[in-house]
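Please read the structure below before turning to the comments.
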Amino acid sequence: MAKRYIQRHSLQTRITHGLVMGSCVWLMISGLFVFVPYFANIGSGGLVQFMRISHRVVGVILIAAPIISAIMAPKGFKEFLGKYFKKWTPEDFEFMKKFVPYMLGPKRVHMPDQDEVKSGQRIADGMLIIGGIMMAVSGVVLWLGLSVFHAPAGVITVMRFVHDLFFLVLVVFVVAHAYLGAGVFQPYRKTKQLMFGNGQVAESDALYHWGFWAREELEKGDNVVER
Amino acid sequence: MQLTRRGFFQATALAFAGSMAFELSSQSEALAVPVDAEWKLVNTEEYTNICCYCSGGCGSIVSVRDGEVINVEGDPDHPINEGCLCPKGAAMFQLRNVVDDATGEIIHNPERKTTPMVRRPGATEWEEISWEEAIEGIARKVKDTRDATFVEKEKGVTVNYTPAIGSLGGSQQNSEEEYLILKMMRSLGIVAIDNQARV
Amino acid sequence: MAEGKAILYDASRCSACKGCQVACKCWNLLPSPMEKNTQAWNGSMQCPPDLDHRTRLIITFDEADNGKKYGINWAFGRRACMHCTDAACVMACPSGCLYHDEETGMVSFDRDKCIGCKYCVSACPFDVPRHIGGNGLFDAGAKINKCTGCIDRIKNGRSPACVTTCQPGALQFGDWEEMLAVAKERVEVLKAKGFESAQVYGEEQVGGTHVLHVLKYPLEQYELPENPQVSPLIGAMNWMKPILGVGAIALVGGLGLSFLTGVGYKRPEMRYDEANHDIINVETGEVVRHIDKEAGER
Amino acid sequence: MTGHYCDFKNADVILTSGSNNLENHPVSSKWVQRALDAGATWIVVDPRFTRTAAHADIYCPIRSGTDIAFYGGMINYIIENDLWQHEYVEHYTNATFIMEDGYEFDPETGLFSGWDESTGTYDKHTWHYAIEEETEWDTSEGGSYAWVTEEGVPEFTPPKVQVAKKDPKMQDPMCVWQLMKKHYSRYTIETVCEICGMDAETLEQVYAAYAATGAPEKSGTILYALGQTQHTYGTNNTRIMTLVQLLLGNAGIAGGGLNALRGEPNVQGATDMAMLVFDFPGYLRWPNVSESPSLRAWCESQTYYGGYYTNKPKFMVSALKEWFGDNATVKNDYCYDLLPKVPANGGDYTTMGTFHLMDSGTMKGYFAWGQNPVVSDPNSAFNRRAMSKLEWLVVADWVETATAAFWRAPDMKPEDIQTEVYFLPAALIYEKSGTIANSGRWLQWRYKAADPVGEARPDYEIADMLWSKIVELYEAEGGPSAESITNVKWDYYIDGKIDPRAVSWAFNGYNVAGTDFASGKVDLLTGFPQLKADGTTSCAIWIYGGYYNNSDAPLDPAEQPVGRRGHDDPGELGLFPQWAFSWPANRRIIYNRASADANGKPWNPNRVLVEWDGKEWATRNDVPDFVFQTTNADGTTTPVPPNDNAFFMKPEQHANFISYGLADAALPEHYEPFETPMKENLLNARLNSPCVKFGDHESVKKGDVETYPIVATTYSITEHWQTGAQTRMCPALNEVAPKQFIELSPQLAEEKGIANGDDVRVFNNRGSVVLKALVTKRIVPLEVNGETIHEVGMIHHWDWTNMYSSDDNVVNDLTPNVGDPNSFIPEFKAFLVDIEKA
């Protein structure tokens, strides 16, 4: 009997995510060369200079990729926002309540059904989005304010603080996101397929993770693939 | 760390000794005082000089390595300026060497002219020539002008002068040079000799 | 109270000849504009008008009425790195390029370590650091340029180049305590001469600066901030790094624990029977759960 | 300078006038600050509130060119208030001397006695003393002047010793004191303020502060520079300051004197070396047609009847021996005739005059040795045009100066200019060795540090190459008076190469018999007292005697007095006698006899230069500048007790209030600048000095106050130097002072609609230049004789050359090419212009 899969992410989404992820990782690594004294001193300066310049180039990708993607698919972008900014259900709250126990005892703790985007996901990804925006804004101000323009020292200092603070925030959520999203966490195995594979989730996994959404999709059948 | 003038002088006393005797001995690397391998003036020979601007007579020290001037600054042992120099004096290094703003390299000052040149009548440009050409050309002109205008006697008095040549300047030269220029000019019968004292 | 060495700038002795500006250039091999007539006229003797990428030190000029029939209060000031004890630039510098010289207290830098981030620029309450190179959008290769206190000279037994060259003795160099005493004594002399605004600047500011000023006229006539402060954010940012380190370790630890608890996790393969709204274990065929749509279950 | 830079620290009051010493002689700031720290008062009198004025205890503005009125008022104030130093004036000056009948100054004409309208000169007969008696030199064997008759000494008739009539009580109406008192009685505070423009209160404050140095133990020093000398009466400006110093007993003491801060590194050397039309090295007179057509005439006209200049024939004969070597013998008058004689119109050969000679076609060839007259001389547009008539021009310099490049000035057409111009690249100061003299007369040695860049060569090599070629031509081809050239001694070679050290031997002087430059054997004299007039000694410049006198190490300047680096400071007066050498005879403060009273007791026990202890001049912190002992035949010495001959370089050995030395006044008298905003001279009937030099030349184009109502002056700033050829070649200096500017008051700026930073056109009959405006409260309009006078000041360091910083505007296009009749120095410091927004 053929197995059923639900098409969860489009190719565009996956490419956008890939670009954002790659640039984010690169930005974090290259940023370390300014942030961490040890890294700032590696090599004779050439490496650090390369990192700093790449930080700017890649920063442009980070900012540009989602914007271009949104322009290319305005409807999808609107839906995307809708999925994240919606009213929380009792299951959403329950999910959050059980989140830590679940992380430390997935064999015993069972999570409630979820919509297309889990409440935890909404918080975590939301933090990534907000963090990304803050990094982008502060980054651009720092960049232009120290090169092309001569921004007031106070502005630069505040922006540096913002940039540093959200780096801290992002580190936490990116690592967590990767831990779960890449399926390091055993119950989440195979989820990496969603962004790095064909964007499809197996029926069984979909039922486990996003019960409400999976059933709706299976009932609708539009995005269901059998093979 | 004691930073007195004396301390500095002791540190470089040997180098001074070297500079004092430079005319007698060949310039010796051994006389230089190594201080610190990173030190800008490591292994330099130091020669005292006197500033070339106002007539204060401030002392300066010229530090030289491998025949090239590395630094010029005030002579801390000089009783008049005690190591200090005004902006002009402090820039004496740049008369010879400057930092190229475009490359950051130290280069010979490109504004300085270091080749004899002639500008021919009616020409719009200089022409570089050899010293021999320059000296021969000038000597010929001097002789022709002098001989054509020379006055040997005036009202029975031996006067031996030419009104047709003038010589200006001298305050920039050393006294020995002033004397040689003066002696040359006066011996040619030149009356019109003046220098910056006249302005 | 600061310790170590200090440069004392006595504005009441300064003849504003700019010998210090030039000596700084020549010793430190800093360039000056060489393209013909590139410098504009700014209507003042203060040239260049501010510190710039080539210039670590300027003498400032300010004219104010003196309330008498003739003459004015013409204040000559010095604008360069103050060599703060609580040096914001050192705190802000991520690469360790900027540092406090322990022996002298001078804030110097190791140019090779500069990564051009310019964080020092925004941190400095005196707006001192400038950078050579790195102009334009990508800002590549920018390197810090500011007064080093000539610690190379100090370590080799000389005073900083600006001090060495100062003819009227407006710049002196020595132990911090001694320079402070000289400054205070001078202020008393000036006050006795009728310069009531005379004051020492740098004793208290930012932990005591290693450049002390004797000011002859009111502070407004000098390009010095009344109350220089290190922004608290600069300190906060320095706390953030250990926090991040600890946080990262905790996070990794937590996630590691989480991972271990998840090892061996298995769940049976399920499928959904949309007709009956049943979730079925594929292997056993057993209905694990029924979605009671009529009861409003989703 | 009568003193030297370090001596400023000894002053109780420092008066800076006609100088911006902190800016233009920055090392003075060190020593002035030391004086201030010791409690001195500093007075600055200047038309502008300069960086110097910013530090003064008292600042007093003054209209440019009115210094004689200012100082005349001070003299009057000192005399009226009895603040002068009685013992000093009575003993050491000519105040007690009685003048020749007929001497007078008439304010109704503004002229001294002896004026000849037809020649425009004074017959100075009445400017001399009335003579009591005349005696002869004792030239007999054993007599003081026995040397005159020795073999080898040129024949000349010694001068008659003149003993002037005196009135020790200084009451005789014809005594110098009474005449001077009367002369300056016209210079009241009110009149001075009307002329100079300051208010009476400030002026009196200045007078009182400075006159306080009339107390015997107090010292006051006057620092001056080109602000005093660059006037049509500049020499009298300096004289009147001397008068003040003599009245107050400030000459010859530590912390006193009259100190000319000279503007060029070795202008003192160039003056010593007589690179001047009328002079012979060592402040002797170059042979001229009227006074000294022969050696005998020279000796008779130049030798003083008393004082140290009785020795002039020794200096001259030794110098001729040095000039011509073995060719000079007593039989041929030591080749005196081979030297050129300055013609009667000698003044026409001074710098400004040479441009007239070029313009008229007389002068065809010109050398400029490190000088840039096209920018530094007045009316430079005229000078440029005059130079274009030259057949050839030689410029030796470090950079292409505007003089070298005159043919490509913005207003020139190179194609039309037929002048052949040679540029010879010169070595920098640290690319060669030699002696340099500072303003304090210190002779110091410069050591070569590196070889010249490229093909640049030291000027001594350039001179040697050129001279050798010229001699070669004359030996081959002959020519008029070729012996003037071929008989010259030119043997300054060491190891076959021209060498400044050999010239130093010539400066110091040597015994002819024991010396042969070619073999490197030199018998150097210990000092100029050893010079003789009989041809056995040779010395190029007597005042340098003793500066390079160690025959044991003639090749090593460090072993010579000139190379000394000792720091001994006897009396802690900053004399530093073991540092280098100060001419003459290592005297650091000249006229130092005057530092002690008539009995040889120092006026101030803390500032002892010399002291008589009752038996001898036991304390000699400085080398005595007077006859303090005589040497006996057996070599022993006998002390000479104190006498009044404190100024022994004068024939009467007393300092002069009234003097016949200058062409234009026996006592300094106020005249207005050549171009003045005044309609009349408030002190006498003559507006301008009667003797203004070159005022009639057509190129001058005198401007009047109706057309050009603004007084202008020119000056330097500390960041640049002279024509800027040297300083604009240093990028760091262009950076600290990038543009040529004009300073003007906010009032004038408002009147003319000019804002700070604007371009301003400055113009008069001679030219028009555009400069950047520097509008500043440091310049104030002055109330002069009831009218408001605006003054502007311009710096002058730019021309059309230089790859870093250039400007087509040459400020000296505006200045008048008129000068002082004594010094022939132009009047850069006061002239008329108008301005407008460009």
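The first chain written gets the first letter, and so on, giving A, B, C and D; residue counts start at 1 in each chain.
FYI, a residue touches a chain if its C-beta (ideal position, glycine included) is under 8 Å from a C-beta of that chain, and two chains touch if they have at least 3 such contacts.
What you are looking at is a predicted structure, and each value in this text was computed from that prediction instead of being measured.
A comparison of the B-C and A-C interfaces places the larger number of contacting C-beta pairs at A-C. Of all the chains shown, the one with its CA centroid nearest the global CA centroid is B. Spacing of subunit B relative to subunit C, judged by their CA centroids, is 44 angstrom.
A separation of 35 Å divides the Cα centre of subunit A from that of subunit C. Once the centre of each chain is set as its mean CA position, subunit B and subunit D turn out to be 23 Å apart. Note on chain placement: the centre of subunit C and the centre of subunit D lie 53 Å apart, centres being C-alpha means. For subunit D, the set of residues touching two or more other chains reads 26-27, 30, 718-719, 731-733, 736, 802-804. For subunit A, the set of residues that touch two or more other chains is empty. In subunit B, 72, 81, 84, 86-89, 91, 94, 98, 101 are the positions where the chain touches two or more neighbouring chains simultaneously.
Contacting chain pairs (ordered by label): A-C, B-C, B-D, C-D. In the complex of the two chains, the subunit B residues touching subunit D come out as 16, 19-24, 45, 47-60, 62, 64, 67-69, 72, 77, 79-82, 84, 86-89, 91-92, 94-96, 98, 101, 108-124, 126, 131, 134-143, 145-147, 149-150, 152, 154-155, 157-199.
The touching residues of subunit C, when paired with subunit B in their complex, are 5, 17-19, 21-23, 25-27, 29-35, 54, 103, 152, 154-159, 161, 164-167, 173-174. Chain contact summary for the complex, subunit D toward subunit C: residues 22-23, 26-27, 29-30, 32-33, 49, 51-55, 59-61, 198-199, 202, 718-719, 731-739, 741, 756-757, 772-778, 780, 802-806. Against subunit D, in their complex, subunit C makes its touches with residues 12-13, 15-19, 21-22, 25-26, 31-37, 39-45, 47-48, 54-55, 63, 65, 69-72, 74, 76, 167-169.
The residues of subunit A lying in touch with subunit C in their complex are 4, 33-37, 40-41, 44-45, 48-49, 52-53, 56, 103-107, 113, 143, 146-148, 151, 153-154, 156-158, 160-161, 164-165, 167-168, 171-172, 175-176, 179, 184-187, 203-204, 207-208, 212, 214-216, 218-219.
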